[in-house]
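Here come two complexes built around chain A, the first alongside chain B, the second alongside chain C.
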Partner chain A sequence: MTESLSRRGPRRKRSRRGTSGEVLVAIDRRRKVAAWLQLLPGSAYFTLLFLVPLAGLAAMSFFRLVDFDPVPAFVLSNYAEVLTTSIHVRLGLRTIQVAGILTVIVLLVSFPCAYVLNFVFRAKRQLLYFLILVSLFGGYIVRIYAWRSILGRQGVINQTLIGMGIIEEPIRYLLNSMFAVGASLVNFLIPLGVLPIYAAMQNVSPHVIEAARDLGASRIRAARQIVLPLSMRGVRAATAFVFIATLGEWVTPRLLGGTKDLLIGNRIEFYFGQSLEWPQGAALAMTLMVAMGVFAYIIISLMKRLTR
Partner chain B sequence: MTAPGWRRTLVRLRRRPLGSAAFMVLVFVFLFAPLVVMVAFSFNSSPRLSFPFAGVSIRWYQEIFTDTLVLRAFRRSIQAAVVTAGITGVLGLLAALGILKVAARWRTVFLTTALGPLAIPGLLYAIGLAVFYRQIGVGRSIWSANLGHALIALPFVFLIIGASLERFRFGLLEAAQDLGATRWYAFRTVTLPLILPAVIGAMLLAAAISVDDFVIAFFTAGQDKTLPLVMYGRVLKGIDPTLNAIGTVMLILTTSLAFMAASRTTIGER
Partner chain C sequence: MSIRGRVLVTLAALALVVAACGEDEPAATTAAATTAAPTTAAPTTTEAMAEAMSACEGATLSFIGLDGEAGETELQAWRDENGVALETNWPGSWPQFVAAIKVGDVYDLATIAYHVGPRHIEAGLFQPIDTSRLENWDKMFPGLRENSSLRGADGQVYGVPIAWGDGPYIYHPGRVANPPQSITELMEPEWEGRFTIFDSPTLVFSMLAIANGFDDGVGDRTNIDADQLEVVKEQALQILRNASAFANGYRDATDIMVAGDSDLNVNGWEAMLTWAEEQGETLDFAFFEESGGGGWWDGLAIPVTADDVDCAYEYIDLMISDEINAQVGENLVSGVVNSNSAEIAGPGAQIYDYDLVRTDTSAVSFRNAQPPEDDEAPEGITSISDWLDAWEEIKAEA
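Showing the complex of A and B:
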């Protein structure tokens, strides 16, 4: 008797809980299905137009070129050809060097810029932030062209210097030189550096700096030892953006550099443009992608060690 | 954190802003010099790109607005912007709504992969897309470029709409449903109006990204030249004074899109 009661009691309870639970599970399952259905179109689009093209590029790097037509195959000769061409090694090393120098310059400008924006001119930061956003969307080609009118022989700088009597002949190496490429790229990359650092600094309270100052730290020391570590996430993102953007750069050297001031991106463009040797171009692109991954790893682990 | 505390701290930090002001002025002069020079030269009556100005005129604008090549490119750029905004708006909104309801570890997977397009150089994505189109036999056209624009803009749209949904109070939705609203009706009358500014802002940003793009269009648009492609062709040919006018028109287009985007979303609130 007692046994049957004790068995009956819990069972009835369980069954009641079970039905409401079943309803909840059903609702939950419907919500889950709906969620996956909502994620489906975007994921499909992403797969089809991002992952598949990249896989296609990887596949193309193993294709054989027959009469300028890439034929499906599995040959490693494209890689052998691309990696043993001395100009690629030279341009690759130069590109990494340029990317490194630009990253350092951009960070040295962007960090103070974000700092001043967030802590010094806090009242006007909305406006200043917007101006930086505008310069980010100021047009890529447009800006490259504008640098030509600033740096050219008849350009603003040369004409002003001649007008002031400082120089007699226009300075030639302002345009069609690595200097022009660097100036234009720094100009283009500063907003890309400022925005992530500034976003990360939103989480740093001005009180923290005040506390450091009260304890006798100089302004610079407070910025370096307090704000920098706290906004490191943004600095890392900025580093990655700037480095990645420079590695894939080919338009700026083409339009502002001299005939010798090329970067590795120009070689990739050459293979896909003029020479139509797509498999070789794909092999070079894949090599660049792998090199980029290796460098990203090295830089991030270096930065971690530096800030520890 | 009390307000007076903040203010006192800020006053202290702001005590000697002279050096900071000088630094910011230098940075902004450097950032805006090319844009200011371009806009100024677009009104120069002489075709030479040199100082001093010969006079002020709008002849370059008259020239580009009667140039069928430029006008056609302008129309294509606008088309690209609209299509990109449309695709990313629909896909981004759906994905942002869906990701709220999946398990946390799946959410991380989706958010991380969505950042993929930001992690590789535009050049590599553009040639990947060109290879893909060639392999499946799709020709080069403005539509091919559009799909690429939508892809690189999608992460931004997804993240911006996602950020606005994070601040959305879902209690409102439950309240609406308790009062008898169907799920769709509640979405249409409660969720959508509240997140609409962010959705529109994100779509405008996508449009700006599309108008500004050069690399993807270069490798996939073929003969359907957009404004940046027309500009590139003319820069290669040499000095062409109409470029300043085209550049100024593009600048107005992209910055007004970016401005409208920033004033509607959290990217403007930072």
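Showing the complex of A and C:
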């Protein structure tokens, strides 16, 4: 009996261990399969509609142009042209300058926005966040045309200023200027800036801020010395989003900018459109993508170092 | 995050996707879309048209090109009679137009415009037109029919004009007391920020070349050498600096003027006067004295991706037939291409001087002002690539 019990005991124990272990392994395996299955639609979409065309674009950047037809080849002359054309340097620098300024503006607006959402109007934050996202609902082109009617000579701003007697003649350079391009892009990019910072700030406990306030820190100091370092990951992501989105921009300068406000994206448009030199356009697009990656890495590294 | 919060965020994300999906209005496809130009009386069908319907009966024709230039209203009755559906597409810009055909999208008909036509022909977007299959071809004004801009380097016709114009500049008479007599006046400080311009070097460079006496403005192509191009480039830079913006089409240029954001547009189209009038504004047109206007024609071509070539031929032939072309001219406020149509067209098409296109060679105000293509440029003469490069340089420098 004792023997049998002793035999049965450990056997049951082993069996229980073995069963639960197998179940756990099976659950784990199922979870992994489920995770892969969940990733499948997104990955397939990303692969088919981004990676495959991107690979095509990369391949075309080495093609030779014969009678306006890109002919498969492996030539580096497209990159040589892209890198040695002075227009690209000029437009590239202008684009980086604009992207840099807009990134700073968007961050300066987005951080306080995310802070207020998370810590000041905490109870209503979902609603307020939704309201920020509402600005994206109108569609890109519609918003650009809306900016035209706001900034035009007979637009809201000019007519208000004239009505208030501040100016006599409408300000001509509100529209068709870098100001118009910047205003529209900031409007478009703020939700993209707020989103990652807001998400990162959700990991910051309000109690930490309360503790800082109890110890005499002002709200601004608490935000600067506690919230900012703790939500730096979100700030870095926002920086990358905004900077990269601005670098590739070409529609807004075309519709709201003047003749002096074109960016490097418009040059890519030129290669694919007017001059029909697709391999050169592809080479410029690939160069811009690499430059974007390098800039994003530099900026994020710098930010990491500054906040260490 | 609370469940309510997650629901809200999910809703927001869904709304974002919906909003993103709704952003492609410029590329919208519509069956028998609305016309860009004002419309007139409903078209009538003739027996000849009815006879010519066989290849098209029950067909669906896919058109890519400019709004109002696919016979949307002019051939509506004929399409209804023959069960023909017309899908019209304007991808938003010429670059996207090129891309759409280049990537193999199927279109039976396409707009061919004189200023981009030769380049599009050379890029292999269109198939040659067998003019013997067009009954109305010989009725076309010789100045259009024989124009070299319809033809490729192989001498074959690739485009059939349906309308033409003399390319004046358009201005707001209430804000421009003294319309400029020469394009060089636009370099003056008084014009700073007051006019829009199209993002193409062709007309600006050509008119400046004529204004400087580098080109006589006669015949096809503008021939200038590298030194002359430098002078033209410098002047164009000043004009570009004074221009307030690039116009993204005639409608856009009209809207900008109506909104009060520009006083003048180089180059324009008489139809803009009608569009402005619909919005309660009065615009006027004029020509630069030394260079005249930039003549233009728009036509139909058959893309290499066409599915129903026979129907495309019939449709094109109808578009240049007597009655239909008269309506096209009237609706687009453009010159008609069929010499018989000129007799019966309404007032919108009668404002044009048809003597400009009656002879085999194009008259002064109607010419392809482009420089020679790269492989056609005579020794020492600048080509289209030189012009495009110069234009891009001044755009970056402006």
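Assume the second predicted complex is superposed on the first by the 261 of 308 C-alpha atoms of A that agree within 3 Å, B and C clash if a C-alpha of one lies under 4 Å from a C-alpha of the other, contacts with A are read in each partner's own complex, and residues count from 1 in each chain.
Keep this in mind: a contact is a pair of C-beta atoms (placed from the backbone, for glycine too) under 8 Å apart; a residue touches a chain by one contact, two chains touch by 3 or more.
Note that the structure is a prediction, hence the values are computed from the model and not measured.
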Original post:
First (chain B), second (chain C), both or neither: which does A:Leu49 touch?
Top reply: first
Subject >> Touched partner set for A:Asp67, first chain B, second chain C, both or neither >> reply: second
Original post:
Should A:Leu76 be classified as contacting the first partner (chain B), the second (chain C), both, or neither?
Top reply: neither
Subject >> Touching partner for A:Leu127 - first (chain B), second (chain C), both, neither >> reply: second
Original post:
Between chain B (first) and chain C (second), which, if any, makes contact with A:Leu262: first, second, both or neither?
Top reply: second
Original post:
Just chain B (first), just chain C (second), both, or neither: which does A:Arg172 touch?
Top reply: second
**OP:** Specify the partner with more touching residues on chain A, choosing between chain B and chain C.
**Re:** B
**OP:** Determine, under the contact definition given at the top, whether A:Phe137 touches first (chain B), second (chain C), both, or neither.
**Re:** both
Original post:
Is A:Tyr198 touching the first partner chain B, the second partner chain C, both, or neither of them?
Top reply: first
Subject >> Partner chain(s) touched by A:Ile300 [first = chain B, second = chain C, both, neither] >> reply: neither
Original post:
Just which bits of chain A does chain B share with chain C as contact spots?
Top reply: 126, 129-130, 133, 136-141, 148-149, 152, 154-155, 202, 255, 269, 272
Original post:
What residues of chain A sit close enough to touch chain B in their complex?
Top reply: 31-32, 34-43, 45-46, 49-54, 56-57, 60, 70, 109, 112-113, 116-117, 119-122, 126, 128-150, 152, 154-156, 159-160, 163, 184, 187, 190-191, 198-199, 202, 205-207, 209-210, 213, 240-241, 244-245, 247-251, 255, 265, 268-269, 272, 278, 281-282, 285, 288-289, 292
Subject >> chain C-facing residues of chain A, complex >> reply: 67-69, 86-87, 90-91, 125-127, 129-130, 133, 136-141, 148-149, 152-155, 170, 172-173, 175-176, 202, 254-255, 257-260, 262, 266-267, 269-270, 272-276
Original post:
In their complex, what parts of chain B are in touch with chain A?
Top reply: 1, 5-6, 9-10, 12-14, 17, 20-21, 23-24, 27-28, 30-35, 37-38, 41, 48-51, 87, 90-92, 94-95, 97-102, 110, 113-114, 116-125, 127-132, 134-135, 147-148, 150-151, 154, 158, 208, 212-215, 219, 228, 231-232, 235-236, 239, 243-244, 247, 250-251, 254-255, 257-259, 262, 267-268, 270
Original post:
For chain C, which residues are in contact with chain A within the complex?
Top reply: 1-2, 4-5, 8-9, 11-12, 15-16, 19-20, 22-23, 25-26, 93-96, 98-99, 119, 122-124, 193, 197, 200, 240-241, 243-246, 248, 259-261, 385, 388, 392-393, 395-398
